[in-house]
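The two complexes that follow have subunit A in common; it is paired with subunit B in the first and with subunit C in the second.
Moving on, here comes the complex of A and B:
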C-alpha cells in the first residue's frame, strides 16, 4: 500500500517525489483551503483540496452547486474575491520553458505564495493559465469591439505591434470556426449570438497559447446544438495544440464526452478521482454512484424511477464532522463516518476515493 | 392538414395558434414588423398524459405554454379546453371574467423558483392565495388545506410561517408545485420546472411530479430544453423550431425513429453520459433562425443537410405520416434518419 501511504502523507514531500510527480502533472494542488470570512461566519468553500492535473489531458471537475468547483479555479488564478482568501495549502505550477537551443527547463512555482496583483501572477494569468467563463455576455466588455478585446490580451503578453496583434486576433477567430472572422473583429458583443460570443471568448483565451485552459461551465448557457459545436471545437483545439484543460461542469454527459480524467467534488473536497472510464463504469464513492443514478439518460428506454439523493447540500456555514456526505449517505456507518474525514485511498491505480468503505484511515484535520 | 381532432379522450386541443409580438421603431413607435414567436402551432393533449414540448431557446415553447393559459393573449388560432364542470370551452374567446371560472383547472409551475415566489409573503400565504381568491376555504380549514398541500409535496407543515428565502431551490420549487396544486387542477403547464435545480434535486422533483400525476390524475404540458428529462417524463413529445411544431409523436417513436432532420440533429447533439460512446454530433451549420426575420419556405432549410429546392420555397405542413406521428417536412416519408442509438 505504498501508493496509499504516499497519498495520505501531509504536505511535506521529499524532493524526489515532487520531481517524479512533476513529470506528468502540470499543476499540483495540495491541502488547499479557501475560506470566505463573511458576517454570517466562515464559509469553508474549499476545505482541503488535493488535485493533480496531468499535462496535456482534459481533467473534469464535477459537483453540485456550492461544492467548490468554481472557487478551485478562482484560487488557481488567484482571483478569489473578498472576503475570501486562501488560508493554507499550495498550488504548484510546473512550468516548462523552451530555450532557443531546444533544451527544456522546468520550474515549479507555488501560486499561493504570489501576490494576486504581482507582476509574476499577472504574467501567468492569460499567458500560462487562461479561463473561459459560463456567461459569455457578462465576461466580454460591451463597450469594446471583439477585435479590441482580443488584441488587448495579445498586446499584454506578447511583444508584437498593434497591426500584428489585430491580424493574430483575426487568425484566432478563424481557428475557432467563427463565420466571417475579419468582420466579427469590428463587432460589439451584443451583435453576436451566444454561441459566437463563446467562440470569441475561447479565441481570446487561446490567443496567448496558454498551457492550461480552465473552462468553467462554458456551455451551460447554450442550446444543445450550439453546445455540441463548442464541445467539438474544444476537442479539436485540444488535440491540435495539446494544451491542458480543466473542465468544470455539473453535466455528467459533457464530462463523459470531453474528459480523460474526472474529479468529483463535494463540499470543498475531492471525494473521488479516476479515469473517465472507471468513474462511469466503476464508481466507488456513494456520492458518485448516487449522482450517476439520479440523471435521466437519453436512450435508457426503461421508465425507471430516478434514484434521488435525500436531503440537500448543506449550507456552507455548517460544519459537519467526519465525512461531509454522511448525513445524506445510504452507506452511513454511525460512529465511523461522523468522526474523522476519511483519508484518500487508492482503490486501483489512478483511482482515488475518500470513503470508509475502502479504507479505515481517517485524517486529522489541521489548521482548522 | 394540421392535426385533426379525430382523437378521443382529449383535454386540450390547440389549432393554428399564433402569438406575434410587435416590433416598434421610430419616434412614433409605429409597428414596423412582428416577432412571430408562435406561428401556427397545432397540437392536442390527452387526459392524464404528459406532453413534452422541447426546442432551443427562442423557439416559442414558453410563449406557447403561457398563451394556452391566457397569460398572454393569442394573435390567432383556437384553444379548446375540456373543463370538468363546463365541458368544452374556447379559451381564446373568453373574457377575463369568464377565464376566472376555468383558471382553477389550468395551472402553471415556473422555471425560476427564486423569482416566482413573492419574497414578502410567507409560505402559508403563497400557497393559500389561490384558495382565498377563489373562496374555497378560510380560517382553520384553510390552514389545514395548506398543511395538507405541503405534506403532499414532501415538505413539513411547520415551515408554513417561514419566508421563501429560508428555502433551497428544490424546496422552493416544491412550494411552487403546492401552490399550483391548491385548486385541484386538471392541467398543469410545467415551464422548465427542473432546469434551475442541481442534478440530485432535479431527480427528487421529477419523481414528485410523477407521483402527483398518478395520485391526482394530472395532465402535464412539460416544457423543457433538456432532452433526457423530457424523455424520462413524457408520453408524447412535440419538437418546436422557430415558432412551429416540426414533429410530434410518442416519446419512443420520436427518440428512436425521428422523421424530421431537426429532431435527428437534436438527438445527436445531447452529450451522452457514457465515455465509451463518444460520437461526433451532426454539424448544424449556422444559427437558429430569427423569428422576426425567418427564412423562406421551411425555416430549417438553411441548416438542413437534406434540403432540396422545394424546401426553400414551400413551407411544409404538419402531417400525420404514421398513426400519431406528425411531421412537418417535405421528405418525411423518404428520409432514413437516425434516432438515439442505444
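Moving on, here comes the complex of A and C:
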C-alpha cells in the first residue's frame, strides 16, 4: 500500500466516522446567537455558536467568565432571561423514542422554534434535558421539603401517584448516595450541607431520567473533598444511566477528570473543539494554549512566574472585528486576524479550531 | 412551636400591663379630671346633683384617691369586664364601645383583606411585567396613594360618589336603615357604604404593600431556585405563585401585626370625616375631654389588637417559612 493510498483510506474512515458521529449527536447547535438588548447597548453573549453534543458522552465547555458558557446552557433550555433572546440559529434535539414494541424512532426538534412557555418546551425541560446549577445553597426552594421538590419534578413528567412519586424520590436520593434518604425527603434545604444539597439537586435533575444533563459549574461552590465526591458520583451515574452530560466549568482539572470531549469558548464562540486527550496534549488555538499554560503544575520550576493571558475579556458591548481573541493573542497577524472571523477548520479527525494559523478561510459574519 | 407561642403569650401579658400603666399615667397627666369639670358645669347650670351623689361617684371611682389605687381599681375592674363609666356620656364604657368596637374590628379586617388582595395582585403583576405600561400606571397610582392624605381622599370620593351616583355616603348605613334590625336590604346598604372607608383607609397601605411586594418579588425572581423550578418544566404561573410569591411574602406578613393598629388609627380621621360609628372618633373625643376611663379602655383594646395581630403574624410567618419554624424550636 502506497502512502497515498493509505492517506485515502484514512480520510474515508474519517468521513465515515464523521457521518456516524453526525447521526449519533444528541444535540446539534448551529450558528446560535443569543443577544441581550440592554439599555447600555446590545451584548452579544453568543455570537455564532456551533456545537455537536455526542450521545452518551460527557462534553465539557470551558472558558473564562463571560464567554457565554452559561448562556449556552440557558439557551438550550430556552430559559434565557430578559432582555436576552435567541436572535438566530438552531438548536436541534435528536430525540429517541422507544415505542411499546421496542422499535426506536428518532425525531429532530428545533428548540429555537418552540415558545419558551409552550407545553412542548416544558415537557422537554426536566424530562429530556435537565440542569444542575452552580449554587447548591440557593438552587433549592427554602420553603419546601426536599421530597416535595423532587416529587414535583416527577409528577410533572411521569404518570404516577403522589405516593409512588414520593417513593421514587426516595429511591433517587439513595442512588445519589444520600445518607438516610427516606429522612432527607422530609428535610428542608437549610438543614442540609452544601454537598448534600448538590446531591439532592442531582437526584432531582435525574429523577425523570433525562437524556441530557447540563451541569453548570456544579462543584464551584463546594470544597475540594466534596467536589471530588460529586464528580465521582456524576461519572458513575453517567456510566450507569448512559446519559449525555454537558459539563460547564472554568476548571481545566475538572474537565480532564470528567469529560470525553471539550469545547473551548471565547466571547460567544466555540474556538476549539477536540477530544480531551487531543486538547490537553496537542492544543492548537493560541487561547487554549494560553489557558493551559496558566495552570500551575506541581513540581514545576520554582521562581518562574505563572503565565497569564494578556489583557482582560473585552467589554461585552464592544464589537471586535475579525477573530475576537486577536487583541490578546501572541500570534496576532495584523491585516489578517482583525478582518474576518476565522472559519472552523479540522486540523485532525474530530479536532476543530478557528484560527488563521491553521486555515486561511475567513467567515463573513451575517447580522453582526 | 407550642413553647414559642406560650412564651409569646407571656410577653404579651407583661406588655399589656406596661401599656396600661404608661397609658393611665399619660391620660392622668393634665391637671384636673373630667368629673370635676362636669360637676362644675352641671352646678353652673343649676343641675340637681346632690352632694350624696357626688360622694357616691367619688367613692365609686375613687377620684380623690392616689393614682396607684385608682389604677388598681380600674385594672381589676377591667379584668372582670367592668371598664368604668364614661363621664361625658354618663354611661358604662362597655355599653359605649361594644357596637363601635365590633364595627371597627369588622371593617379593619375587611380593609386588611382588601389591602392584601389588591397589593399582592398588583405587586405580582408589576414584578412580572416590569416596565410595561400597566406597571408604570400602577407606579403612578402607588405614589399618589402614598402621598394623598386619607381625609382628602375621603372628601374627594364623598363628593364624586354623591354627585355621580347620588348615593348617601356617610356612616355605614343610610338614615332609613339606621335603627332597623339586620336584613338583606340593610346588608346591601351596608356594603354600599362600607367600601368607601375601606378604599380610603386601605389606599395608603395598599400602595405601600404593593411596592414592597413588587420589589421583593423582583429579588426573588432572580434567585436560583426560581430558575431551578423552571428547568424542571414547571408552568410559569406555578413558578410565580408557588415558588416565588411564597418566598417574597415575608415582609407583608411581618407588617401584618402593625397593619391592624395602623388601619384602626387611620380610621380615626376618616371616621370623623365620614361620620363612622367606629371607636376612632370616640377615642379622639375621649382624649380631648379627659374622659379617662373611656380613653384608657380604648387604648387597651387597641393594644390587644396590636399584640394579637403581631402574634398571628409571627405564627403565620412560621407556617410559611420552615427556617423560622424549625429555628425557633
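Criterion: the second predicted complex is superposed on the first by the 339 of 368 C-alpha atoms of A that agree within 3 Å, B and C clash if a C-alpha of one lies under 4 Å from a C-alpha of the other, contacts with A are read in each partner's own complex, and residues count from 1 in each chain.
Please note the rule applied: a contact is a pair of C-beta atoms (placed from the backbone, for glycine too) under 8 Å apart; a residue touches a chain by one contact, two chains touch by 3 or more.
All values derive from a computational prediction rather than experimental measurement.
Novice: With the two structures overlaid on subunit A, would subunit B and subunit C clash, or do they fit side by side?
Specialist: On the superposed model, which is not a single observed complex, subunit B and subunit C fit side by side.
Novice: Touching A:143, do we find subunit B (first), subunit C (second), both, or neither?
Specialist: second
Novice: Considering only touches as defined above, state whether A:65 meets subunit B (first), subunit C (second), both or neither.
Specialist: A:65 contacts subunit B only, not subunit C.
Novice: Given the superposition on chain A, which partner contacts more residues in subunit A: subunit B or subunit C?
Specialist: Counting contacted residues of subunit A, the larger count belongs to B.
Novice: Just subunit B (first), just subunit C (second), both, or neither: which does A:99 touch?
Specialist: In the superposition, A:99 touches no partner, neither subunit B nor subunit C.
Novice: Calculate the angle at subunit A, using C-alpha centres, between the directions toward subunit B and subunit C; round to the nearest 10 degrees.
Specialist: Between the subunit B and subunit C centres, as viewed from subunit A, the angle is 70 degrees.
Novice: Given the touch rule stated above, what does A:195 touch, subunit B (first), subunit C (second), both, or neither?
Specialist: First partner only.
Novice: Touch test for A:239: subunit B only (first), subunit C only (second), both, or neither?
Specialist: After superposition on chain A, A:239 lies in contact with neither partner.
Novice: In whole Å, how close do subunit B and subunit C get at the C-alpha level once superposed?
Specialist: Between subunit B and subunit C, the shortest C-alpha distance works out to 9 Å.
Novice: Counting contacts the way the document defines them, which residues of subunit A are shared by the two interfaces, the one with subunit B and the one with subunit C?
Specialist: In subunit A, no position sits in both the subunit B and subunit C interfaces.
Novice: With touch defined as at the start, can you tell me which subunit A residues reach subunit B in the complex?
Specialist: 64-65, 179, 193, 195-196, 223-229, 231-232, 250-259, 276-277, 280-281, 290-292, 294-301, 303, 305-309, 312-313
Novice: Would you mind writing out the residues of subunit B in touch with subunit A in their complex?
Specialist: Counting only subunit B, the residues touching subunit A are 56-57, 168, 170-171, 198-204, 206-207, 210, 225, 227-229, 231-232, 252, 255, 265-276, 278, 280-281, 283-284, 286-288, 340-342.
Novice: Which positions of subunit A touch subunit C when the two form their complex?
Specialist: 77, 79, 117, 122-127, 130-131, 133-135, 138-143, 145, 152-153, 156-157, 188, 190-191, 201, 204
Novice: Hey, which residues of subunit C end up touching subunit A in the complex?
Specialist: It is residues 223-225, 227-236, 243, 246-247, 320-323, 326 of subunit C that touch subunit A.
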